[in-house]
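First chain A sits with chain B, and in the next complex the same chain sits with chain C.
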Partner chain A sequence: MEIADTRSDDPVLEVDGLTVRLRTSRGDVEALRSVSLHVDQGETVGLVGESGCGKSLTALSIAGLLPPMSEVSGEIRLCGRNLTNLDRRARRQIGGREIGMVFQDPVASLNPVLSVGGQLAEVARHHLGSSRREAKALATEMLDKVGIPPSRNILKDYPHQLSGGMGQRVSIAAALICQPKLLIGDEPTTALDVTIQAQILELLRSAASDSGASLLLITHDLGVIARICDRVVVMYAGEIVESGPTSKILSAPRHPYTAALLKSVPDPEVETDELETISGSVPELHEMPEGCRFAARCEYADAACAVDPPLEVISSGASLRCWHPVGGMNSAGGTGGLSGRRS
Partner chain B sequence: MVRRTLLLLPTLLVPLLLMFTLLQLTPGDPAAMMLGDFAPPEQLERLREQLGLNDSMGVQLVNWVGDLARLDLGTSIFAQEPVWDVIKSQAGVTIHLTLLSLAITVIVGVGAGVVSALYRGSPLDQGVMLGSMFGVSLPQFWFGLNLIAIFSVGLRWFPVGGYVPLGDGFWLSNRSLALPAITLGLVQAGFLARITRSSILDVMGEPYVTAARAKGIPEYIVVWKHVLRPALIPVITVIGIALALLLSGAVAVEVVFTLPGLGRSMVSAVARRDFPLIQGIVLVVAVTNVLVNLLVDLLYAVIDPRVRYQ
Partner chain C sequence: MNEVAESLLKVRGLTKVFSSGLFSQKRKVYAVRGVDMDIAAGATFGLVGESGSGKTTVGRLIARLIDATSGTIEFDGYDFGAMEESSLRLARRDMQVIFQDPLRSLNPRMTVRQLIEEPFRLHGFENEAERTKLVLAAVEEVGLSESALSRFPHEFSGGQRQRIAIARALALKPKLIVADEPTSSLDVSVQAQVLNLMKRLQKQHGVAYLFISHDLNVVRFMSDQIGVMYLGELVEVGSADAVFTQPKHPYTRSLLEAVPTIHDSPGRGELSLLKGEPPTPTELIQGCPFSSRCPDVLEVCRTVAPPVVQFEYQLARCHLYGGESGVVLETHPIGGLDVEA
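Coming up: the complex of A and B.
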């Protein structure tokens, strides 16, 4: 508990030049290109982008859950220790113990034929070597921490008896039972009823900070980002296109893609018949364009965009991959922000 | 549970009525079979009257069901013995054969299915899938005859036919049933291997398997606890079906291997139009199948908590 809220700049997670190639029926494709990001101690970082942009793949790479046929280069460091050169068994040991993970669909990500208690206890039994009784006590305690009091007595229940929200609480408990350093949430509220999304989100943040874990949140929902993230990393087509503090990104996005994403969030105060969309779609992995990958859908694109823009640090803690940033090269003003609406 | 058990009665009634009607429609006269081609007509008539064959179908059905209610299966026309005694004396062979083939089916089928799912795409997997194709496609009598030609006639490892009772030695008895059990069992094993493999591959793609891996538990525990247990649920259904198919397959196999079981008895009873015996055997087989299905349903509840709480 004493580490809670003592945010420091030691990165818990550093991803450095992560490139992932997947073998598919259409040949090898580069699904992630040189992805670099970091999550500091006690920090909540949001990873955002459309479906197919590689955000979930980034999460799976960090958790060591890529399919065996994938080719990975670059480094993933957890508290300074490189995970990419560990052998398979040692890599597997990281999961559950040092990195906890919460998935999208709570009911589908719990085994239907094993009891809730069993699924919680197995993590503790394996990583902490707890006895059956210790593991059970720990499971009860963890459930209490995620808002399921011991009086509910759900250890012997099976996943189909739980609601989505309860299921996600159980998943969070299982992910945090060994007090990992990093908690990854892969769209953890997407499958839930809107009415409980906020509760679960708040729980994720508070439970992570109580147990001293930093939080990496993968989502396509900018509302989620605005609500709980300290920093945002925006991905597009397997690359990071922009990153920075949440308030800055949401109020003054610099990358045209970020700006377009923000514009496509409907403003409840403006009455409109038509929702803003980003025309076109994410390019397929096997037909990735040369140069800037967003150029085909970008209103600012010109001849310069045929050359791949580098990811450059534009101010402290913020970086950008674009030749024609929104609001000009150096100005801080932006358009299409979410300023004051959601933060 | 009580409701499920009560539902078994109609399940039994339908095949029995069907069988009864079909038998009545079959040409052939048991009396003529018994007395031979040159029997005087008045003697035939007397025997028909005695056997109740002159009654209308409805009366015969009512009589039969009435006897059944008193657990009386009637008397075999040919053997002149109570049908129940004939069945009792022959059921042992068929039960032994069925259980031995079931063991082969389950061990070979589930084993091959698991291996081929875990090593998906490997030459091993391709071999298993090819083998199971053969298993599913081969006619049993042909397969059985080939086994006899190779292992009994050629290599002399097994007897050509006949049954050694369990009382004469466990090993000898099983040896006498080895070839017929392999004939029956391997065919069903091919089918079961395919079902097992696809069920496991389905489960492997479930989010909860990824979630289990994310918990950092070793792969063998993931496979054992998180993959095999849920994957077994459809496999159990198929084992139940396989048992029914093994029972009916026993008819052909008992004839090929000259085993004195219910199957062979059934074939000769049909040839002799021994109606009470046919009806008795069909009844026993139908009851067995219904009970097996009930057992499968109960096993479901043990494995799948979603069924238990409904």
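Coming up: the complex of A and C.
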């Protein structure tokens, strides 16, 4: 609204070389390494990976919600403005106003001692400086927008009285009340039943596009990605391994990890008696291997993988971190032979 | 569906009513209502439904972890549902349970060796050398190494813990394992390993599974027969293929359409949104329990309980087929629901 030094053609979000080190009881660990991604105006981008891959930490970094002990390098730009060099206060002001956040568990993320109306009004009064009356009117209006008509009369209800789906609608209303540029959903439908999940996914998509916000959706569920994301970014062990248009990544993944992950999901359209699995397990943060972090579990790995592969742009809007990509005719890996083995 | 005679498990009219609250606030919750189910030896029956549908309660009732309000459970030819505690203990050798969260279901103060040895000890394997041999074989079978034996559950990852739970459940070579959301807290790549393991062990030992899950794709992969629950009732039962490819009940259809798969594309979601949320099961519902959300609802659905309609490969409890494409079996099997007790 009042960001003077932005141009409309800047991406809404640019993350550039984000590295996060956390202090733990087992020493410092590099939880995110050189994460770079962007979300364009009006775009819905999915960030997918298994537990511990760093997808939620990426979201928290963007929202400025990292624990104080963490050491951050790299840049996070919102509409062209660098957020990483702002002080904590300014950061929170921008974070709260221009980035909306929806978490997995609404009961845990909403304030338990504030009613739904109080919850929403607080946001409006704090960030928009609304009067009591304006705030209440705005709260009612926002609830209506997320599919809770005034007739439901939930302004006086407390978070624990709401069902999971209703709680998530309230969270979305709270996140959108300041008309943020960016809406981040961190596993927003993971705790919901499938029919409710379908409603909330659709609401996230339509509410974001109606209010002109871009959407960054963090999830472990590749089906959710397929359903609402234009583009997808795949993370493994604190790094981005692959990104590109959703349909392309899901139908013809290039990174062996993405390919293996897709095949381990039970697929109703594939008749099989055995799912493909990924051998071994994700390396622990404090014992990350040199070179490619997936190499130890990768069926294509060879000596080349001892050297860290860079994240390279392979076509417009798609990038890949691998020496031996899967399935392409024009293999980017120079050694040939191994690539394209999997049809 | 004419293999009833050779069913390993035969459940009829299974009903559970919980009472909650105190004094004047006292309410009844109709968690499970009139569930009929047959599981053949060595087969997998998948039970799907959303939270509050009663699927977990059905599993707990069948394993006799809680007692039914009414209905019968016949297991391996015995009247399992009516057994006294003393004989139940022996019969349980043939029916084991796996839960979603092994960290909570495995005793945290016991080592893996003690955990897996316990069922053998309880069921009279006196010889220690023999027990050790059996424990080793069990651990190996689920893909854990011998070095795991002296460690405690918390030292393992989620997938490995579930392997321990499976080893323990399989120790006595049961005929049926009730598995309640066994892979729901696992990452997909680990889930794939555990599902493969369960399938392999089924082939080797001929164990049957009652596989309870909210994840339809997982249930499809695992099951021969599938039952779909809504608000305490089984609304559709049949072969996994039929239920998935030609669902008859509108709820099954909505459920299948709501499940996101990797073949979806953006925007597909809005086509088939099921409105609203399930009502709470605190009152006996007039008519069809799904009528408040059903996209195909008829006038009759709101007042008259739907009949069970038989199709070639499945049964569905729905008014839509009133005698046309199927054969109406019964007007309402839970009609005079006797649950006031």
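Everything below uses one rule, namely that the second predicted complex is superposed on the first by the 312 of 343 C-alpha atoms of A that agree within 3 Å, B and C clash if a C-alpha of one lies under 4 Å from a C-alpha of the other, contacts with A are read in each partner's own complex, and residues count from 1 in each chain.
In this text, a contact is a pair of C-beta atoms (placed from the backbone, for glycine too) under 8 Å apart; a residue touches a chain by one contact, two chains touch by 3 or more.
Everything numeric here is computed off the predicted structure, so don't read it as measured data.
In the three-chain model built by superposing on chain A, chain B and chain C fit together without any clash.
Judged by the touch definition given at the top, the superposed model places A:R77 against neither chain B nor chain C. Once the two complexes are overlaid on the shared chain, A:P112 sits against chain B while remaining clear of chain C. Look at A:E269: by the touch rule set out above, it reaches chain C but stays clear of chain B. Applying the stated contact rule after C-alpha superposition, one finds that A:Q199 touches chain C and leaves chain B untouched. Between the C-alpha centres of chain B and chain C, as viewed from that of chain A, the superposed structures give an angle of 70°, to the nearest 10.
Between chain B and chain C, C contacts the larger number of chain A residues. Once chain A of one complex is fitted onto chain A of the other, the partner contacts of A:T44 are limited to chain C, with no touch recorded for chain B. In the superposed pair of complexes, A:R21 makes contact with neither chain B nor chain C. In the composite built from the two structures, the nearest CA pair linking chain B and chain C is 9 Å apart. In the superposition on chain A, no residue of chain A contacts both chain B and chain C.
Those residues of chain A that touch chain B in the complex are listed here as 63, 65, 89, 92-97, 99, 101, 103-105, 108-115, 122-123, 126-127, 158, 160-161, 171, 174. Note for the complex: chain B touches chain A at residues 206-208, 210-219, 221, 225-226, 229-230, 233, 303-306, 309. By the touch rule above, chain A contacts chain C in their complex via residues 44, 50-51, 163, 165-166, 193-199, 201-202, 205-206, 220-230, 246-247, 250, 260-262, 264-269, 272-278, 281.
On the side of chain C, the complex with chain A involves touching residues 50-51, 157, 159, 187-193, 195-196, 199, 214-218, 220-221, 244, 254-255, 257-266, 268-270, 272-275, 277.
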